[in-house]
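As structure tokens, here come the structures.
Both complexes below contain subunit A, partnered by subunit B and then by subunit C.
Coming up: the complex of A and B.
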């Protein structure tokens, strides 16, 4: 659920929009933790099941590939109904829930969100349901092998086991900043996600040097761990919370008041998972770097002047566009870079686009994730562009692989801006 | 710039009663009177950004629909006026 501290939460059924008068506990031989889950989610499930609009189906990137009704957001809710009726168990359905990137298209396009969600303060929460069902499976001892291994390795190393040349370990987490003389601590720190810290090192180097160019002061964490978001997405909530507690303690020990975030996935974690974990005690300001850079340009503190002769389109990262409504600022940045020919695709059309890289889908279903990436690059290819610009490091590796067959480069927006500012960022520059 | 702050997000503007059943916290964004959401379906906790995101997305989506499929967009009042003008007497 969004932004709810457990100890201050309303009754579980209020979280998902459950009725206070259900009289149903979903017993049917389920474990106590499953009964509690069903109590929390039954009303939201019936709300979806009885509505039946299914606008979610065609915007779902997984459904576009598999055409398997078991993978639809509607099915994810219907399973809860069936479990409550005693027709299914979590063991029966757990594996279906890997078929989701948690992009948020389904819950935004659902009329119960888009047309009435703000009116009733009650919206469809399929992403939360998928996270909770995955957690319920783990709580019941049902593990997906890839998720389990990924989170074991993350727990061992304090960082996700991203593939690349840099060894993933605590002692290397700040290697990307080599030679930049960034201080440790301070009121504002830059948090760098695992993919960027260990693989796409040019990305945080670009961000750091752009901020320095604008005169914006920041430091690095004393001991940064993975944000914990991937563990939360895959159902390993205890691990996610442990990681969150470590990072929050690190911030507080250093007197940090503000965290700059360059990765949309981290932004979701810090503005949705951490508030849920810590509630009123979460007193850290979270700033999305792409929004900050757009402001610095608008204020005249950054002026890109080096022409970039590319014909581009922009990929709206799901966690910015669909889940947070952030789509204007990246376009403002691109609009400020001279030389670009920009073939834009509007944000609503892009509700049905996705890189396929979210929420552990590439870990358990790499073939589906790859096909989603290919679909996205097919859309770009129709625009006859030579470059796709993204603002999400996790999207860029799979999109770049799909782009190779289509002669389309994939470039990060922060690095593109750095180039137009005349900054030679260093580090690994290609996804 | 101001980023996400928990306390700001969980302090909605004061509600202004606009009808017997609806209130307004943000300009042109109407909400059901919370008193009517207590017996059967309880409201979720909504940070301010989520309310604003949904309202903005709805506007963007309707504009997208019009752009793709509407030959002409008219108001309901224009329709009523047209019907009235066509009625004899």
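Coming up: the complex of A and C.
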């Protein structure tokens, strides 16, 4: 499924030749954890610093809005070099790293990825760097107020505070499934992210009812917590790990072998963060629902027949298209729905698109996030569509808000498929 | 010599009034990340080039106000566009104010009748062409930095385009531009006075003067550009040769053929082929008897490209070339043209792979002198590598600059293990650059066809190359920038302000 799987850079091993022994990575007044970070990241940072091409810049959704060179992936790498040289400290750089949705476009557009990527499957790891730098800041006691508050609330309530002043809580995490009689536990469980569980409840209801229509058996978790991914993205790694341990323990206790994921952000967390936390012990199969549904359609187990008279375009969620190389299956699903007029934009052009909703950007920089959403909907408006279809619940709230001014509906792909299957989904598309 | 005074609160406050407080950046990251370009520089000397602050104006008027403030306080100003240049134009040598134009990236007008567009100087060509695509139009300024360099920087460096042999280079494609002088005065510079005129005989032809100055005369803020119909077809045949001399002969026969769709030709020398074979993962290995390569590129209407392509194939075959096939031809041009790709690693003399940055020294060389220049340049690179095991010779490309084959952008690519650069090896590198430039000048060429020539090393030879014209350059500089606030330290222009010693 993956075009260019992320991989450890070959650089540290293959390009050693004394690079790690040149004595430049001394303390420079940095804390021990910073020194360790710099020794881990110095060669990767030099790979960017030395080339300095900046191909990443115009494809970056944040840079397209701010036009500020120190919000660029190039700067994120160069700062590491400057810290190693003793010119900058983690206090100097930390705030700049909020200006990232971790969409991964920069990695794909990087000449180092494009060129050696074909051969070595190498990929520049800017997203990882941003996550690690945010974590380094937290480890050094440098907090961004919005992130800190968000993660405190998440920690208190075991879910993200997606409803604003309205508290979310463990007692209500399965409310979305009301009336559907979904069992608890089993070999396969459906994991529902915080946004879909509390805000866009129509989405998990659609998924659950489609799977039931196909005869695909699944249950719900005994006690589902937030996946922990947002905490990891914002630098609160200890919290992320605690949440991961809770969820894994819940799966283990119920004998779960397989987890269905409807949210691309969870998919990243379960396929990248959890394996990193738990190593080879993590043997749970992670299934992306949008891929599963495409397969069920291909096998003839689902046949959408109700025509949907809409003129649509499809928004490639960053974490599917750019991070995981998943772009064919959503189009296969849309291709199976009768009645649609589909103005598609190819996945490479969409490298420079983003909803703005990723990695906590709307928490610390809501005005930038909003502008990114508006830019995305401006692109859709040029296609003269009445509907934008997404496959990511986190993108759908901001895009829907931006779509209102442009008379464009934002619809979730799972909900659209359910409609074409004649399912009356129920639930809410907003709080 | 103009050096930034400590910027007073008064100055910062005036700048904030001019561009808005949030667009005056004083953080260390804002300043450090505008202190470098892709050209190598010893990392331990980074702090030497850090500006005092950065402003990000949104309009010509705001730039003019910043200039007036800077001129009144005698503060150095360095314009920064893409910051992708290879001669340090966007790097401050005497601190001061960086005027970063990236916010001025709007498309102001598209004139399909006269085939022009008017844009802010901070727009990138790839992004511009995304906007032009629905109109079937293209802005064909196509440098290696196409995905990231900006129109204003192309004006400031007088850029060179890969397909310029057909469509022209930046100076041909930019019809006119708004230009803020160091005093804050705004003028429109073009061929004559009309903003959309491509050929005028009115008055002095100032357009060339205000292009390629590396930010030493002022700041371009808005430009009107010439557009072409988006080409229907691209052809990029690659041919292999058993020796350099036959490839050298062939490339000029292709340029001489007079094919209208000819957009450029590239000659790879033996060192380049060796390097690609050794370290370029994207290079599809060829038999050992392949010693040199030639590529020709044609763009235009499909029927015309097809007809021209047949002629190219016949010419190359008669010149002893072996065609490498469609797959390699298309793939290799895509890799080299669309991706700006170099492997970004080289080797020590012992063969150890190490991370290296790519640097190319570029010159304009006549076709007749290419073989000899190549040998002399490789001797310089070889000597450098022998003494310092952090340089690697990555070979020479020569690209046609014009359809007639009169001169070639000739570049020797040198891999530099930048992490290892110390003062001694840096001094040797600067001397090597000077030696490379000396060869170009001695052979009747020009130090730079593309990047500019204001870095340490080659800059010393600029007065030699230009002769009496350099004295006129000094006169112009003094007249336009009486207080030497524009990018001081570049191009030896401090000499314009030296008082004669009795």
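Everything below uses one rule, namely that the second predicted complex is superposed on the first by the 395 of 431 C-alpha atoms of A that agree within 3 Å, B and C clash if a C-alpha of one lies under 4 Å from a C-alpha of the other, contacts with A are read in each partner's own complex, and residues count from 1 in each chain.
Keep in mind that, in the parts below, a residue touches a chain if its C-beta (ideal position, glycine included) is under 8 Å from a C-beta of that chain, and two chains touch if they have at least 3 such contacts.
Please read these numbers as outputs of a predicted model, since none were measured by experiment.
With both structures placed on the common chain, the touch criterion links A:81 to subunit C but leaves subunit B unconnected. When the shared chain is aligned, no partner comes close enough to touch A:404: not subunit B, not subunit C.
Using the contact criterion defined above for the overlaid structures, shared-chain residue A:69 touches subunit C, although it does not reach subunit B. When both complexes are overlaid on chain A, the residue A:114 reaches subunit B and subunit C alike.
By the touch criterion stated above, A:305 is placed in contact with neither subunit B nor subunit C. Contact with subunit C, but none with subunit B, is seen for A:58 once the two complexes are overlaid on the shared chain. When the two complexes are overlaid on their common chain A, residue A:93 makes contact with subunit C while staying clear of subunit B. After overlaying the two complexes on the shared chain, residue contacts for A:46 are found with subunit C alone; subunit B is out of touch. In the superposed model, A:286 lies in contact with subunit B only, and not with subunit C.
The interface of subunit A with subunit B overlaps its interface with subunit C at residues 11, 14-15, 17, 19, 43, 114-115, 118-120. Within the complex formed with subunit B, the residues of subunit A that make contact are 1-4, 10-11, 13-21, 43, 108, 113-115, 117-123, 125, 258, 270-271, 275, 279-280, 282-283, 285-288, 291-292, 295, 324-325, 346-349. Only residues 11, 14-15, 17, 19, 22, 24, 43, 46-47, 49-55, 57-59, 67-70, 72, 74-75, 78-79, 81-82, 85, 87-88, 92-93, 96, 109, 111-112, 114-116, 118-120, 382 of subunit A touch subunit C when the two sit together in their complex. Against subunit A, in their complex, subunit C makes its touches with residues 25, 27-30, 32-34, 36-38, 40, 43-44, 46-47, 56, 80, 82-84, 100, 102-103, 105, 122, 124, 126-127, 134, 145, 147-148, 281-282, 335, 339-345, 348, 352-358, 418-420. Of all the residues in subunit B, the ones that touch subunit A in their complex are 1-7, 9-10, 29-32, 34, 37-47, 49-58, 60-61, 63-64.
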